[in-house]
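Supplied in structure tokens, the structure appears directly below.
Chain nomenclature is as follows: A, B, C and D, assigned in order of appearance, with residue numbering initiated at 1 for each chain independently.
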Amino acid sequence: VPTTRLETFADGVFAIAATLLILDVKASNGVSYAAYGLSFATIGIIWVNHHTVMSQLGAVDRAFLFMTVFFLMTVAFIPFPTQLVAEHIRDGGAEARDAALTYGFTFVAMSISFAGLWAYASRGGRLLKPDADERTVAGITRSFRPGVFVYLAATLVAYLSPIASVCIFAALALFYVLESSLFARDGGRA
Amino acid sequence: VPTTRLETFADGVFAIAATLLILDVKASNGVSYAAYGLSFATIGIIWVNHHTVMSQLGAVDRAFLFMTVFFLMTVAFIPFPTQLVAEHIRDGGAEARDAALTYGFTFVAMSISFAGLWAYASRGGRLLKPDADERTVAGITRSFRPGVFVYLAATLVAYLSPIASVCIFAALALFYVLESSLFARDGGRA
Amino acid sequence: VPTTRLETFADGVFAIAATLLILDVKASNGVSYAAYGLSFATIGIIWVNHHTVMSQLGAVDRAFLFMTVFFLMTVAFIPFPTQLVAEHIRDGGAEARDAALTYGFTFVAMSISFAGLWAYASRGGRLLKPDADERTVAGITRSFRPGVFVYLAATLVAYLSPIASVCIFAALALFYVLESSLFARDGGRA
Amino acid sequence: VPTTRLETFADGVFAIAATLLILDVKASNGVSYAAYGLSFATIGIIWVNHHTVMSQLGAVDRAFLFMTVFFLMTVAFIPFPTQLVAEHIRDGGAEARDAALTYGFTFVAMSISFAGLWAYASRGGRLLKPDADERTVAGITRSFRPGVFVYLAATLVAYLSPIASVCIFAALALFYVLESSLFARDGGRA
């Protein structure tokens, strides 16, 4: 199976990035618990979606591999802005704003690279497997479209209120988990 | 095999969480050796049990994936209370109690999310594989029932004696390993 | 498949080395972002190439396993010189030079051990799979030849200008990704 | 394949323990480079041998899983004494001796648990696969016998000279790699 080794590497990066988050939890900082939970859940969501994308591919080429490396670079980056948010979100002022902006733009970069990956793989069916499920493919394409803009909007809220920006990311994660578990039964079998 | 990639991700989180424990062992702190051993062994037990659960499933859906992410979030959290216990259990007073409570409630949360995962997968045979072994399925269900309560009781002991609470967790781990290796031959072949 | 477990171990080391890079990114050090990006991308490139090499092998022997362990030792070393470069490249003087030299020689050592691995496996077809693709095998051999010398030259530039040396590594990585994605369609399907 | 998931978990622990070693390399401490190289190589050797052992097994039971957890606990412990040796071996006196003893006893514990694992699996062919290779099985049994004693002797040398003790571990690793690559062609194909 030609996509297997890519998945092993990607799963490793997902698992390590998520697990490293614990290194920044401090007993003296209550916010760090919430930041841990939010970033872990978000990495989990990205992992589930990456799973869905890979399940529709039959092969990968070098350009796709390098695009995946870039995408994983944004995923592995997540522990850094998580720590910034945990440390500074309650400080107010420029530090809180910069932390929230770094957090948000990491997810904007992640969603752009993820959408690019999918666009490359699906355009003209380039890397799709012969028996790729048309409805799932269309569903993935449809769901990528608003993603970047929603993340960008949530990020820009940090100029008004850094805390509100991070709370919107939390709400989006919660909404996504509930919505895709309860309602989006298309292609729900992973 | 539709459950394969979930297992790769989960095994990564188990392996990393267990291996990160070494970062908190300090030569100047004898308790940190015992805390390392206890948490490593407990993560190993959870991993073995997760192994047994997954071996009975034929497929997973999105809700199950997200429940697994939540479950793994509690597993990846374990190095944090382990460090608290290693540092504070001998201090006595509120610090020792809070360390033991954080340790215990992490395992309560883990066992609730693990039991929820299994209840979701097994109810009405939802995600069981067609040839799931009935005795193993019944055995898993039976063994989950007391787990949460035993862990909760062990945790609450910390209000009386933090050290006793942690020792009960150690005794439970030891008992579990011996009991399931020596006596529970049902479904013992993993 | 006899090479599978070797790949799992190697992929683990690649994924962890890349993900650990985030631990050295500091908000107060703008260079650390660039160093993160460069080293992550370079580890990604090595991983892709290792992938290509392994795809041509049918079996591995003990000597090959130990050579792989040595190769992975150089890969897992990368986070250390990356941190040195991030901290010292702007200091000028001996510290910047030593950082750039340590960075460069790590990649020289990596490329020597990687070339040795391939020479051992491919000489006389020793470990090649029966249906190894002749053009891919010849292409790998051809591409290893200049690698060590190019890295060595880039490293020695650090005696003149440490920053220039690191920039050449960045240019090589960028060139490699673009060239192998866009032009090198031989054996491009991974 | 019933042993697959055990190998994924074990390979994760091996890869993470080896890669975490880089966190203790310090530019200001030349010994830390040698300690990194020695412990990485030794973990690589243990991994190769674990690989050989697992290749002869057909199935695992719960007792074997828990014995493996204990064995991996000793492997994941290696970064800790490695750091002690890197920091204290040149101090002389009690600190150097304690560092070398901790280093040595970690490997004694590892080799005891590894030998126990193999004794359990191979006694009466309990977990061997039906087509296990008799010569390889006998060869593994033979090579485990002296291991514990050699490691114990090398450890006790630390009472006379801590540096000599660590150098013996280095010589054993080097000898093992050369010997098993060049001469031990029995079962050499992994």
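Structural remarks
As a working rule, a contact is a pair of C-beta atoms (placed from the backbone, for glycine too) under 8 Å apart; a residue touches a chain by one contact, two chains touch by 3 or more.
Bear in mind the structure is a predicted one, so any value in this text is a computation, not a measurement.
Distance between Cα centroids is largest for the pairing of chain A with D. Different-residue interface: chain A and chain B share under half of the residue numbers found at their contact. Measuring from the averaged C-alpha position of chain A to that of chain D gives a distance of 38 Å. Chain B and chain D have Cα centroids separated by 27 Å. Contact of a single residue of chain B with at least two other chains is seen at positions 8, 12, 16, 20, 23.
Touching chain C in their complex are the following residues of chain D: 7-8, 11-12, 14-16, 18-23, 25, 27, 36-37, 40-41, 44-45, 47-48, 51, 54, 177, 180-182, 184, 188-190. In the complex of the two chains, the chain A residues touching chain C come out as 2, 5-6, 8-9, 12-13, 16-17, 20, 23, 59-63, 65-66, 69-70, 72-73, 76-77, 79-80, 84, 98, 102.
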